[in-house]
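Two complexes come next, and they have one chain in common, subunit A, joined by subunit B in the first and subunit C in the second.
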Partner chain A sequence: MTHTTTARRTTLLYLLPWLLTLALFWLYPLLHSFYLSMTDYELLASESHFVGLANYIELFNDQDFLKALLNTAIFVVGTIPFTTVFALGLALLVNRRIPGAQIFRSGYFIPSITSLVVIALIFTNLYSRGGYLTMLCDLVGIPTPERGFLFSEGTALPAIMAMDVWIASGYYMLLFLAGLKSIPEEQYEAAALDGASAWSSFWTITLPQLRPMALYVILINTIKSFQVFVEIFVMTKGGPLNSTLTVVYFVYDRGLHKFLMGYASAAAYVLFVLIMIFALIQMRLFGVGRSTAE
Partner chain B sequence: MKLRPKDVAVWFIMFVILIGMLLPLWWMLLGTFSEQFVSGSLLKNLSDYKFTLDNIISVLNVKNFDRSIVNSLIVGVTVTAGNMIFCLMIGYAFARFRFRMKKALFLSVVEVLMIPVHIIIIPLFLLISKLGWYDSYAALIIPFLVNPLGVLLLTQYIRELPPDLEEAARIDGAGEFRILFSVVAPMCKPVLAVLAVQIFMTNWNSFLLPFILTSSDSMRTLPVMLALLQGYQQIDWPQIFAASTISALPVVIVFLIFQRHIVSGITAGALKT
Partner chain C sequence: MLTPCCFTQHFCVVKKLVMITIVALLAGCGGSDDDTKIRLTFWQFWTSPDVKPTIESLIAEYEQAHPEIEIDLVDLTWSDGHEKIVIAFSTGSAPDIVELGSDWIGEFALKGVITDLTDFHDSASSDLMMWEPARVDGKVYAVPWLLGTRVLFYNKDLLDLAGIETKEAPRTWDQLLDYSTRISNLELGVPVYGFGSNSAERHRLYKKFLPFLWSNGGAILSEDGTVSLLDQPEAIAALEYYVSLSDAGYMESQRGLDDKFLAGELGFIISGDWLLRRIANQSPQFDVGTALIPTPDTSDVSVSFAGGEYLTLNSQSKQKREALKFISYLVAEDADYDFCNAVGSPTPANRGAASRILSEADSLSETFLRQIETARTPPVHPEWVHIEEILEKAVEKAIYHKSTPASALGTARSEIDKLLVK
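Presenting the complex of A and B:
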């Protein structure tokens, strides 16, 4: 009897850190923000009221929020295809038997381990008026915005997106590379014996076998990209004229800057639902997802 | 290995991409260590190049900047150590013990990995304030002590270990704690190393939560300090680059030394989820 009680106590003790983290820092915040989203809670106001769906209705009439949604959608749709293709391309290059492949792999990966704040600052310099990229464009004859890339409505968001593709490609390259390494060599050998060209084995062996990894890459990248924030905070603060305002920046600004916490929580929940919908659609599309639960 | 012309062409392409990947960071180093830095001209920077440490020294003299480095170290080391201990405990429980709701609880680990952290910043801020941790080390450390990815890594690793040694120790009358920390932990060294490097680097670079959970200059971590540096005064690029170098260089060095651990940590997460 005492034996099983000790065993139970040990189990509970070992699991306690997870139970506490799960309850306190994940479940409670998720539920609390859902509740907050239906109140008019403001940090500095003395009382708050239940307002039902009023925040949500207001959000969809809020030009700033709609702009933030649109910008976030542009960011997601405009970066992920490029990042995925570049990452796959880099992985294929690095996977070749070529002298120095290791060094190339490490080099490509370095941007993704560097602090995002640091990279955002460097690119702020490169993109600025009189910055190096502007100078280069002038040299080649490409027209550049007068106030620098980040201070012009038309170029600020694309400039940040380009930077993001540059950062992320190396990271997802590594994942694709792991996928490539897990394809058995014999399959290629057999295909070669059958007279298949390198090109056709790429389509018939490599790509189909990379599908699960491609799903994972796109899924993770979608969840990440929907939450783009640091770049915006460091480089543009959502400007100029809201042209780089994203949903998480909107949540931060309304909730933790202007302290409209109920309203900002509703915005956060809209984003949460959107991310979940996208994740589910992607899992369906690729027809895996069951394998996640083992 | 024979080099074919095609290989040379591929090698050349890869080399050009490598330069493109590293150029911005090299630009940062150039700005940090040159006496006269001009934002818009590569040639001028190279022809007039003179090495200097003045920018590094001047940024270290910015009020509380050194403090932010110390803060990042304290927080990073504590969070890393905490994760190594807790993920080992939790992973061991999932891998070896039988208990009710085990499946559901393990699934919660996987599920939490998918939750977008940025959407809970407001309730997290309120919770931390209510607990009285706002603007303290507790806020920077406690919420991050158990990383779900670490739990996953440890569980999967321990599952693959043969249970013989543990059982032998149990027969010898060793207590559960002794078994975990002096029998299982040494066998988990490789995966613990992966976890440690991963957690430390993530923590060293993390911005949003440390930013919203602190307010005084003396509680800022390095990335937060860095991001706010440009707001305080006219943009002084050499100073900002120097601060960036201080923030980025340790990570790059750690990466180059522990490359294999980092790579396997990232891909293990991907291959197993």
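Presenting the complex of A and C:
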């Protein structure tokens, strides 16, 4: 036995727990659910049949699914720019050497380490008809929806989106902060010597060097936003009138509430493909790999 | 947002695997115990510190009387208990005895995973109430344990202020609407409202509409279950009335309505026994009354919504006789009485326990026992989850004024009929 094969075996042995978990809880379900998406499998049913693409065809004729797709798209497009800009703004603010910056940093990060269910319950109260937000709006004369924010068709989804921006900004702020810390101080000093304004050094030094981090932030956030579920489950269950129905909630409802596992798997695969397409587009837009070539 | 392990959307399958692992581990742990004992597993939902000790002591008492039996208690939660039960049955790892909500019995019975208990029913039918949700295709699959219904709670002080001198609860629909409007029009400094109406909360809204439908002689499905009757005049009139009540009232989630009622700012709400417990704990600053849900006319029967907790027997269980004996112990008068007292529910399934509770009950709880006598459960049907959703969406559309009650129910009827011919 040579030295390298022993080393390789040791490595493999160390990796085994992770590999096994990956195969058992990730890879196998992934492949199996692809198979399920082409069957009419129902939980508790004694048999299932292969139905080919029938589930996928039915999905695109299902008004609820189309609505879920639209709502998810609105959610993604409506939250990501705000979250990213807020996160970057907060990172720039707390990156300055000001007294108490640490406190602000932890403060903005707290929502990310708080249970999402707890936050969702708190916001359910805030948004309710007798809640503080309604009272505040009444005080300054902003009209509020008659049935409370979460039970009015027009405001339910935006209300959840706003909450989500609030939760997520702190986490991505931390990532941007890490990116900011890795930019060498000398570059700013050199720029200052050359008489560059704060604005132009932000534009030419900070932003380009934050690019990999920005890509990472937007990518991860896109994937997470496409999968929005807990907020919906706790706050509205897709209502009122389907105005907050999202794709993952649809998958949950059809799969675990109505037991239509085959159909739910097909919906999950549509989402999977969508997320993949978006991720590829974003990576292309940000020119992944370009920086290494430079 | 999902946790990293649920990075893909296939958490369902992951859950299944996790369940298998957990069950395998549990089974592994059990091996070391005394093998001469008969072990029964019992899955149930009562985890609160008020109730769990009572269940445990009931079990301890039973084990003492039957030394050959050992009962493994496993707790479920309402948020994912249903999924766990489904997964356990579909992987063959379900317990001997499992507690089911009344509206779940149909689906499990129709899949053949729970035991036909018709013989038990025939011997115990008169001791227990509310067998209807357990009856599937002429057979009985579950044993009623604890029941629940909805009644009208009202604020006597607000009635008085609105000039209803008798302070008596409304008995007819017209009275309810009239009193509600009068309370809503009161000028008291703080805004008060007449009727608390449920907003579009899933799996809740339809339960609030059904008493009006049923009290008006309407039904969701025909007697033989072949067609929907939702487009019949009785149903349309009921929804029209419900919409007018909702328009005149204050719309919130159930939780929000209960809070507002306890704060003394609502005249009427339809609520369940959980509100009794909150009233007992918080003793609100006004005179509370409960009454049967109003009917179109004084001569009509008030038919409320009922549900309950039922005990079922796994059809794969190897110790059905012992398990059934334990079930019959739990639903017997003494055990059911203790259990209901721990829960704070006035409506046990056991008639003996119910009359004992009635003899001790205050006027608030008494209404529940009168209401349950005529209350009804939704029809048992293989497509019920879909029917429920169609019905609820029709009510939703009507109270949000997206369509008229007649057209919302007309659409619902044709959608349900399509399911029924499947």
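As a working rule, the second predicted complex is superposed on the first by the 275 of 294 C-alpha atoms of A that agree within 3 Å, B and C clash if a C-alpha of one lies under 4 Å from a C-alpha of the other, contacts with A are read in each partner's own complex, and residues count from 1 in each chain.
Here is the rule we go by: contacts are C-beta pairs under 8 Å (C-beta built on N, C-alpha and C of every residue); 3 or more make two chains touch, one makes a residue touch a chain.
Treat the numbers as computed from the prediction; the structure is a model and nothing was measured.
S.K.: With the two structures laid over each other on chain A, which partner does A:251 touch: subunit B (first), subunit C (second), both, or neither?
M.R.: Both subunit B and subunit C are touched by A:251.
S.K.: In the superposed arrangement, which partner chain does A:151 touch: subunit B (first), subunit C (second), both, or neither?
M.R.: second
S.K.: If we overlay the two complexes on their shared chain A, which of subunit B and subunit C does A:135 touch? Say first, second, both or neither.
M.R.: A:135 contacts subunit B only, not subunit C.
S.K.: What is the contact status of A:78 with respect to subunit B (first) and subunit C (second): first, second, both, or neither?
M.R.: neither
S.K.: Touching A:90, do we find subunit B (first), subunit C (second), both, or neither?
M.R.: A:90 sits against subunit B, while subunit C stays out of touch.
S.K.: Using the superposition described at the top, determine whether subunit B or subunit C touches more residues of subunit A.
M.R.: Of subunit B and subunit C, more residues of subunit A lie in contact with B.
S.K.: For A:279 in the superposed arrangement: first (subunit B), second (subunit C), both or neither?
M.R.: first
S.K.: After overlaying the two complexes on chain A, where does the subunit B footprint on subunit A coincide with the subunit C footprint?
M.R.: In subunit A, positions 24-26, 28-30, 32-33, 36, 116, 124, 128, 130, 227, 229-230, 248, 251, 255-256, 261, 264-265, 268, 271-272 sit in both the subunit B and subunit C interfaces.
S.K.: Looking at the complex, which residues from subunit A come into contact with subunit C?
M.R.: Contact set of subunit A toward subunit C: 24-26, 28-30, 32-33, 36, 43-46, 116, 124, 128-130, 146-148, 151, 153, 224, 227-231, 237-241, 248, 251, 255-259, 261, 264-265, 268, 271-272.
S.K.: Note which residues of subunit A are touching subunit B in the complex, please.
M.R.: 6-8, 10-11, 13-15, 17-18, 21-22, 24-26, 28-30, 32-33, 36, 90, 93-94, 96-100, 103-104, 106-111, 113-126, 128, 130-132, 134-135, 166, 170-171, 174-175, 177-178, 182, 213, 216, 220, 223, 226-227, 229-230, 233-234, 248, 251-252, 255-256, 261, 264-265, 268-269, 271-272, 275, 279, 292-293
S.K.: With touch defined as at the start, can you tell me which subunit C residues reach subunit A in the complex?
M.R.: 1-2, 5, 7-10, 12-14, 17-18, 82-83, 86-87, 89-90, 107-108, 111-113, 199-203, 250-253, 256, 259-260, 385-386, 393, 396-397, 400, 402
S.K.: Tell me, which parts of subunit B touch subunit A in their complex?
M.R.: Interface residues on subunit B, with respect to subunit A: 1, 3, 7, 10-11, 13-15, 17-18, 20-22, 24-25, 27-28, 31, 39-42, 86, 89-90, 92-93, 97, 99, 105, 107-110, 112, 114-127, 143, 145-146, 151, 176, 180, 201, 204-205, 207-208, 212, 223, 226-227, 230, 237, 240-241, 244, 247-248, 251-252, 255-256, 259, 262-263, 266-267, 270-271, 273.
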